[in-house]
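Letters A, B, C and D mark the chains as written, and numbering starts fresh at 1 in each.
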């Protein structure tokens, strides 16, 4: 790193993103400090760091959201910079402020910029002032104002929480009948969730895509865009598949979106990495919000541009300059593996990871903190890892993703890998018929295919031979005949397919 | 043995035997012939009608977990006794996952209707509302709001409603 | 694949390269057939294929070199193409011929081209005729001719086997005194090793680099080069670290080398993927040989060019055209993990793999067939896998390699990972002071550092508590208290650090 | 215990004890203080003087294999002293560390085979099964299940098996 001032970096996060940031820090010769909550003591992100500090119990409010404890950990270990990752405190201006006040470099935008962009109403104002198109809407939830808005723009409309995110406090209103109840409900939900009951009104777009622009700015006025990502494939308003470039997006639209993102970033005085999110319908696009941090899906941009965005963040945080990049190449897709049941409303799952096959090979990257024995609990976000595939073109990236998901096995925690595989292999995805309603349109009520059922039954029958209620210890022949059997697998020999210990 | 799939489907499954790599399994009336070959690092290749599947399995408590590539299956033994027991025990509201009790909407002695929300539990930032599956009386509240509970923990005990004494011997299905 | 005719591909190989080829075939919708020897039945390359055929016992001559059995396996399974991988039969014209005669597509150059280039004397003639510079030398080992050669070029000189490879039949002759004995010895060795006692004479280069050009030709006269790879870091005349671009190579030299490689390929009528190897000293280069197959180190080219070379091979084998590529980007380095003892003359090691940590993350690729339980025997080549790192520049690729090797653990089979780590982290490597004598010059008699000794002693003391002679089964508390402990690790709880079974 | 490194160097190594995550090891005259933290997926982080090492270990036959990152170590027990000791003491099963006798699997008069488990002792939350190193007759049980014993306490006395009287002075090699 040029002009290196950051010598020790604390990552105020856990899981795959902490691990990923540590990996880059290590390549730059920057020492690393992990923080962790009690149940994360054995986590790979803790193992990857040069130092580690326990900051609290499982409950995030007392650990990963505990600003005082985290700043204290940085002080005690002599960390001179803090990277917030995504989620947790990453977009909390009071954290950025507390870090700066402790004389520690915050790897992200300034607290005041974050505060201005974090509030949706304020961000929208900045965007409008900077000349960005926004979805027609009004900042008031006053019933008369809303009615006069609907006279001009019609139904349906969308009620959103000013302080919100993740779909909470959000309502689609189909007609005038349900308007009042929706306004009240959204406000109540927003107050409960964010402590801030303000809501605002937007025209509801029928079939938009979600496309976002990655930006990177330095403290010297340098600002670049690193192309776009299409993140339309969502369930419960949360992305599960992202890709770059956005297939079928007109070059002119892309160029205008990049221009808009840069204008907004300039207007807001934005520094470090950030993402401007847009809704796109045809060649029209509307500003949605800025995420003032590294995104979960940043690797698709890294693969296309051949850059390390975390390294770039550290360069900028060090007072360095952003530099123009070579043209992007090929295509990249990311699938997020979640601990959830895709066959039952994506309800969250928990469990202990018992067996894991990770795909690899040309163009395949897996960012994850998973390992056998990892306990996926209910405390934190259920994202278990990100499978990212690069290709010379979209079709190669896509077919690599299908093959990689076929190699992927995660036993012990119900997860969405088979669902992701079904999506990526589908005609609709091949044709890139993308909109935020993709799953609703093409995969509503999805159930896994039955092709592999018989194989599962054979495995179950073999596994069941050591019937429940039999001895706890089913030591197989291979354990006592002098061979080393390092992995507890029911398959290490056909004749000794029962290798687990039942856990009663 | 009788196993229940995660879908609720019940299967009568039997390993008829194996000869080297060849395995025969009975599912109800049907037989499956397969070849099984272990794979380095865990799991096996199961070949059925010339088609090969990469399979892994493990046990968790009494359940059998199976993965075929990215797809997961869970088989639970069907135990007659437990089923009957559960019929009686439907009068317990249990935590479907570990989490935090956010809210309790009823108090002891309340009469509740089918579908009436009883408690809200939060896990992974998501709220799940637990509702009564049949009319009942709240017999006992076993937790307090804010408490962390484990998977399967009993939150609320219910007793049959006053007018349903005749249904006691035919408890509701779960 | 355009004009697809290949529908089912048999890979006449094993290990990482078979697995890697299957991965690409799968993305192209091509069905796959694995062959395997008895000890490889559980290998990942077998698991990865749609079908698998046992072709013989462990001994390579009866399995992976068994042309009749392999062609029969292709016929029986209906495979319409065979990829030979590298090593084994990949450069045996009689195999290419037998495959073609069976009406099966051979993924590689034609048998006659392979035969002409496979013989070093014949390849040298073709090269000279095509105008390529070769190391001054004569094709005769007749003592008078050699003496008149040394009068012009001086000592030292090199005696090489015409049919040779891998350093066998090769002698450096320092002076006239030892000339006759060296000629006789080399010839005898060549006869024993290759059944062909012909040797030839070359001037011995004092401190050359090994640089090679990747070429790819189609059947329609299309021919491209995909830049160069520096493979100077060798032990026992075998590469262990390769990279692209070749650091410090003058652009003009690179361009002339690429021109030479293309001229030669054109002169030889070369099709499919191949590599022209050169010795380089300063701005002078000398043709060495053509490897008429995919190289072990092809991934560094893939990462720089963003292409899939196996996919390109299949396109060409299908009668497709090669297309010009976008400019290369960044830098890539490959480290070969070998089962060998770098502290004791790189003597080969064997064993059962007990525990494996595979690095991942941005810019890291690991091509390998390794998994816990894999038995590394003495039958086949001891290469266990290839760790490949990409970077925006050489320094990023290099620092990622250091970090990746620090994450790499392979327990149970003595291997060179720590040695590779020491090289890649060294000043000499940072400065790219590359020559084929690199290891001799900088790492002769290398021993691992002592920094980690105490940690190893702590681990050993903990592991030893269940003293030898105690029972085979040291069940830890965690196994009996209702928790699932899927991995046999001595560390799953501090208090239960002995989880292995001793394997008397 | 005496161990030989792959380099040939002999070490006298002893686990002096541990307290939570803290471990003390003696190497010859020198002591090493370390902190040990298990890592998901296997292995542990060993911290010595603030420096952290990622460590994994396994046993192969009598050897102990250790990896610190990419670097591998192999330790082999040095047999001399132990053999002598074993010659005399093979007839006593002693506690290898202070702990609690969890289980006794044999009774006086039993004839036991090589490798047959005799007792389980728990120390530092870890169970260690003690087995017979050669065929023998259980002469005396010196402790009861549940009893706390000190390092070196004799748990069980063995006598040579009936058919080996001639070998008493030269017990079989294991």
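Keep in mind that, in the parts below, a residue touches a chain if its C-beta (ideal position, glycine included) is under 8 Å from a C-beta of that chain, and two chains touch if they have at least 3 such contacts.
Source: prediction; values computed, not measured.
Visitor: Contact counts by the stated rule: is the higher one at B-C or A-B?
Guide: A-B
Visitor: Quick one: report the Å distance separating chain B from chain C, using the average Cα coordinate of each chain.
Guide: Taking the mean C-alpha position of each chain, the two centres sit 51 Å apart.
Visitor: Quick one: report the Å distance separating chain B from chain D, using the average Cα coordinate of each chain.
Guide: Centre-to-centre distance between chain B and chain D: 43 Å.
Visitor: Quick check: how many Å separate the C-alpha centres of chain A and chain C?
Guide: Averaging C-alpha atoms per chain gives centres 38 Å apart.
Visitor: Could you grab the centroid distance between chain A and chain B? Build each centroid from C-alpha atoms only and quote it in angstrom.
Guide: 30
Visitor: Which residue numbers or ranges of chain C touch two or more of the other chains?
Guide: Answer for chain C, listing residues that touch two or more other chains: 352, 354-355, 371-373, 406-407, 412, 472-473, 475, 480, 484, 486-487, 489, 492, 500-501, 503-504.
Visitor: Considering chain D alone, which of its residues make contact with at least two other chains?
Guide: 37-39, 41-43, 54, 58, 60
Visitor: Could you classify the connectivity of these chains, where an edge means two chains touch, as line, ring, star, complete or other?
Guide: Topology of touching chains reads as other, fitting no named class.
Visitor: What is the complete set of touching chain pairs?
Guide: Those chain pairs which touch are A-B, A-C, A-D, B-C, C-D.
Visitor: For the complex, which residues does chain B have touching chain C?
Guide: Touching chain C from chain B are residues 37-42, 45, 50, 52, 54, 58, 60.
Visitor: Can you tell me which positions in chain A touch chain D when the two form their complex?
Guide: 41-44, 46-47, 49-52, 369, 371-374, 484, 486
Visitor: Across the complex, what residues on chain B touch chain A?
Guide: It comes out as residues 1, 3, 7, 11, 13-15, 18, 20-21, 23, 25, 27, 32, 34, 36-39, 41-44, 46, 48, 53-62, 64-75, 77, 97-99, 123-126, 128, 151.
Visitor: Using the touch definition from the top, list the residues of chain A that touch chain B in their complex.
Guide: Touching chain B: residues 166, 339, 343, 347-352, 354-355, 357, 377-382, 405-412, 414-415, 417-418, 420-421, 448, 452, 454-468, 487, 489-494, 497, 500, 502-504 of chain A.
Visitor: Which residues of chain C touch chain A in the complex?
Guide: Touch list, chain C to chain A: 19-20, 23-24, 26-29, 48, 299, 302, 306-308, 310-311, 326, 329-330, 352-355, 358, 360-368, 371-373, 390, 392, 396, 399-400, 402-403, 406-407, 412, 472-473, 475, 479-480, 482-489, 492, 500-501, 503-504.
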